[in-house]
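So that you can tell them apart, the chains are marked A, B, C and D in the order they are listed, and the count of residues begins at 1 in each.
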Amino acid sequence: MLCANPYRGGTSLDKKPRTPIIIVNFKTYLEATGKRAVELAKKAEKASRETGIEIAVSPQFSDLAQVAEAVEIPVYAQHVDAVSPGAHTGHVLAEAVKEAGATGTLINHSERQLKLADVDAIIKHSEEKELTSCVCTSNPAISAAVAYLNPDIISIEPPELIGTGIAVSKAQPEAVTDTIRLVRKVNNEAIILCGAGISHGEDVAVALKLGAQGVLVASGIVKAKDPYIVLREFADSSLK
Amino acid sequence: MLCANPYRGGTSLDKKPRTPIIIVNFKTYLEATGKRAVELAKKAEKASRETGIEIAVSPQFSDLAQVAEAVEIPVYAQHVDAVSPGAHTGHVLAEAVKEAGATGTLINHSERQLKLADVDAIIKHSEEKELTSCVCTSNPAISAAVAYLNPDIISIEPPELIGTGIAVSKAQPEAVTDTIRLVRKVNNEAIILCGAGISHGEDVAVALKLGAQGVLVASGIVKAKDPYIVLREFADSSLK
Amino acid sequence: MLCANPYRGGTSLDKKPRTPIIIVNFKTYLEATGKRAVELAKKAEKASRETGIEIAVSPQFSDLAQVAEAVEIPVYAQHVDAVSPGAHTGHVLAEAVKEAGATGTLINHSERQLKLADVDAIIKHSEEKELTSCVCTSNPAISAAVAYLNPDIISIEPPELIGTGIAVSKAQPEAVTDTIRLVRKVNNEAIILCGAGISHGEDVAVALKLGAQGVLVASGIVKAKDPYIVLREFADSSLK
Amino acid sequence: MLCANPYRGGTSLDKKPRTPIIIVNFKTYLEATGKRAVELAKKAEKASRETGIEIAVSPQFSDLAQVAEAVEIPVYAQHVDAVSPGAHTGHVLAEAVKEAGATGTLINHSERQLKLADVDAIIKHSEEKELTSCVCTSNPAISAAVAYLNPDIISIEPPELIGTGIAVSKAQPEAVTDTIRLVRKVNNEAIILCGAGISHGEDVAVALKLGAQGVLVASGIVKAKDPYIVLREFADSSLK
């Protein structure tokens, strides 16, 4: 369950219904930088082990290696650039985050949007490097468009709800259900998550009830007084 | 000599004539990614110790922590973003590279150019976080403009020579001397380096003779058959 | 046939098989700037009238009004920004190009690529403002993704062939046929063009034979010794 | 006084004390788009003629030609790109805005910021094409940096005040006086303007008293109930 890229490959195991996924995006919060990134990742791993729910973490680039060294849960880069090895000072190379221990990468987060052609190139590059690709989208039509580019995961996040504490699953349930409906017309493989404003276990439960296969969260966990408590609450709500 | 930020502070030592500086930019070359980044940094440290010449390294973000753990020479990030801690997925936070062990950062490399206002903001942010700021410029006038923003280091690199093996110090000596002349009108503190095409010890020697206080190099070292040999050649040429 | 937005609306006329479309992108060529933009547009109009083939022109922003005043053929902006009216200095507003007389706009040309979410926003904004939206794509998968966003026109242009004189229709016929096949799975309305390297009448004829409904051309016309001759050659080849 | 580029050239007239300058930035406001751009420009011309104060206008790209045709006051593009004639679809060419009748261009407005090297390139390109270059800056240090690049005009605009109606000249007088002091150390030629929040004649009068040679305004004029009245108020206040 905790292998590098659990969403690909041909084993029959992969075809079985998956448990829900929770990806925790550390953004550039100080509460999740450096040592605190490692500590938070360990809490996520603990909650994952105790509940059987897959929890992944997405720390900053400079924390990837230490986090990946410290935990066995999936570790996502927050972004990679559409560059190949070479003369690209200051860019983020898929090969480098892979070697640092990342098992996947977020792509096109609303705070780090990409040109359309680069979304396509990075999905392909991630597949070649066996990195799980998780493309963030802002509405159902864009989700369906992205579905054509065959990422492993599509995460719908209405940007206007990010960081508000108003959960997408409650405030815009149709964003989730329309995404699922449109994506499934063209792509049966991609895992569909939702995010933005997820703050309570109930937000997670509602998201799953709407048909999402998990959630992408950030401040709801990272800025919580006790992130472990909230992680457990989210994971427990995923089991219901 | 190998302290985190040797270019600031008030000790009388800082005012003494410095030895030349060589900064090795690892870019996103596979030859300088992951384990090979650590190995190359160790070779740079060895050459630095043997010669007394300050050699700094600038690995990729995801390699910063391991490189900084492995060596005591200065370690530069290749770029940081003009963001504060917070909701900035996929960005590079000065605080994070600092905690990973970076002692400085390149800024505005020709392969990762920045808006003018961001160059200013990042220089200030670096100063607050005690990161040595090394701003790359493409011509003497821009160097002088940047001098007004008070970075620790200014490195003039004519973009048309980068990666060519044709050394700036030989092909465009006036780019170096004009930079020094213009910068010194307004800024006596900033260290002035030059880069682009530096491939041989003689290129370094000529650069220093022109008045540069060191060089910024990349492929000349990273893609050399034996980087240690070339590092020694560069360092030895700096001593003449 | 020469109405502002011939691709929408409910008249039965729209459902009839269309004649092929040739869109001439003036880029920022001096040969197609200012007065020469107007002259070139008039040649395009002449060739269109003589042959019955729809020829549209896409001049620079600052030439839109004069070109639209001078000719009755469709006039496309080369780009619009994803902004609404307001405080957006230096941006290109859909409302403004419309008022200047544009009937449509290119979107996401390989020389002016856009973030995925902006492609979506601009298509919608164009529809609201009754501007024909022509989205440029670089490969069949991206074309299919874009098809989900319902632009009026999709133009596949492999960037490596742009400006080479090596025609996409001859060098990469499968880029055209795959685009048509994938787009048609999800979108029966969008007009499909191809571009890049189109230099001879035969390139146009081959493109149409492959199933494209027209071509997007630039240097092949703009930099021709006698653009009218080549426009006629292209239009005549479209009739065969 | 109303010639294309009044800030260059060697006539003794140019050396005489200038009257204050008011540049009106039309941004992408609907109130200043298309026909309304022409109307607003005519009001600016009327106020300029009646008072002898130089008033310039900066309409959108697609309105440049009609505005320049309709009035004899200076007309600025809101931005030009750092491109030469050629294959640059969707970009703004200095040669094209010049041919459309622009006499100058804003550069690096806070809503359209540019890379440092592009600011330099565009200033040079503007000079070659005899377009008056007006570079916008956000603080005194950046203003001084830009002064080294020899633009014709430097306009300091603290971004946090833009559009607020809180005038820079009143809220941050030291931003203006520090800019003047720092710029004049290295550049005696550049005209220094200030902008952001200028709403009343008194804001203009205070700006001039602080040493600014004019103002850059936008919403204060464009969104005024009667722009002519406010233009006259601004111009009259400049005469005191």
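Here is the rule we go by: contacts are C-beta pairs under 8 Å (C-beta built on N, C-alpha and C of every residue); 3 or more make two chains touch, one makes a residue touch a chain.
Computed from a predicted model, the values in this text were never measured in an experiment.
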Interface numbering overlap (same over half, different under half) for chain B and chain D: same
Maximum centroid distance from chain B, chain identifier (CA atoms): C
Inter-centroid spacing, chain C versus chain A (mean Cα positions, whole Å): 37
Distance from the mean Cα position of chain D to that of chain A, given in whole angstrom: 46
Sequence positions of chain D contacting 2 or more other chains: 110
Chain contact topology (line, ring, star, complete or other): ring
Which pairs of chains touch, using the document's own definition: A-B, A-C, B-D, C-D
Contact set on chain C toward chain A in their complex: 108, 110, 113-117, 119-120, 137-139, 141-142, 144-146, 148-150, 182, 185-186
Residue ranges of chain D touching chain C (in the complex, touch as defined): 25, 27-30, 33-35, 60-66, 77-79, 83, 85-93, 95-97, 99-100, 102, 106, 109-112, 162-163, 218-219
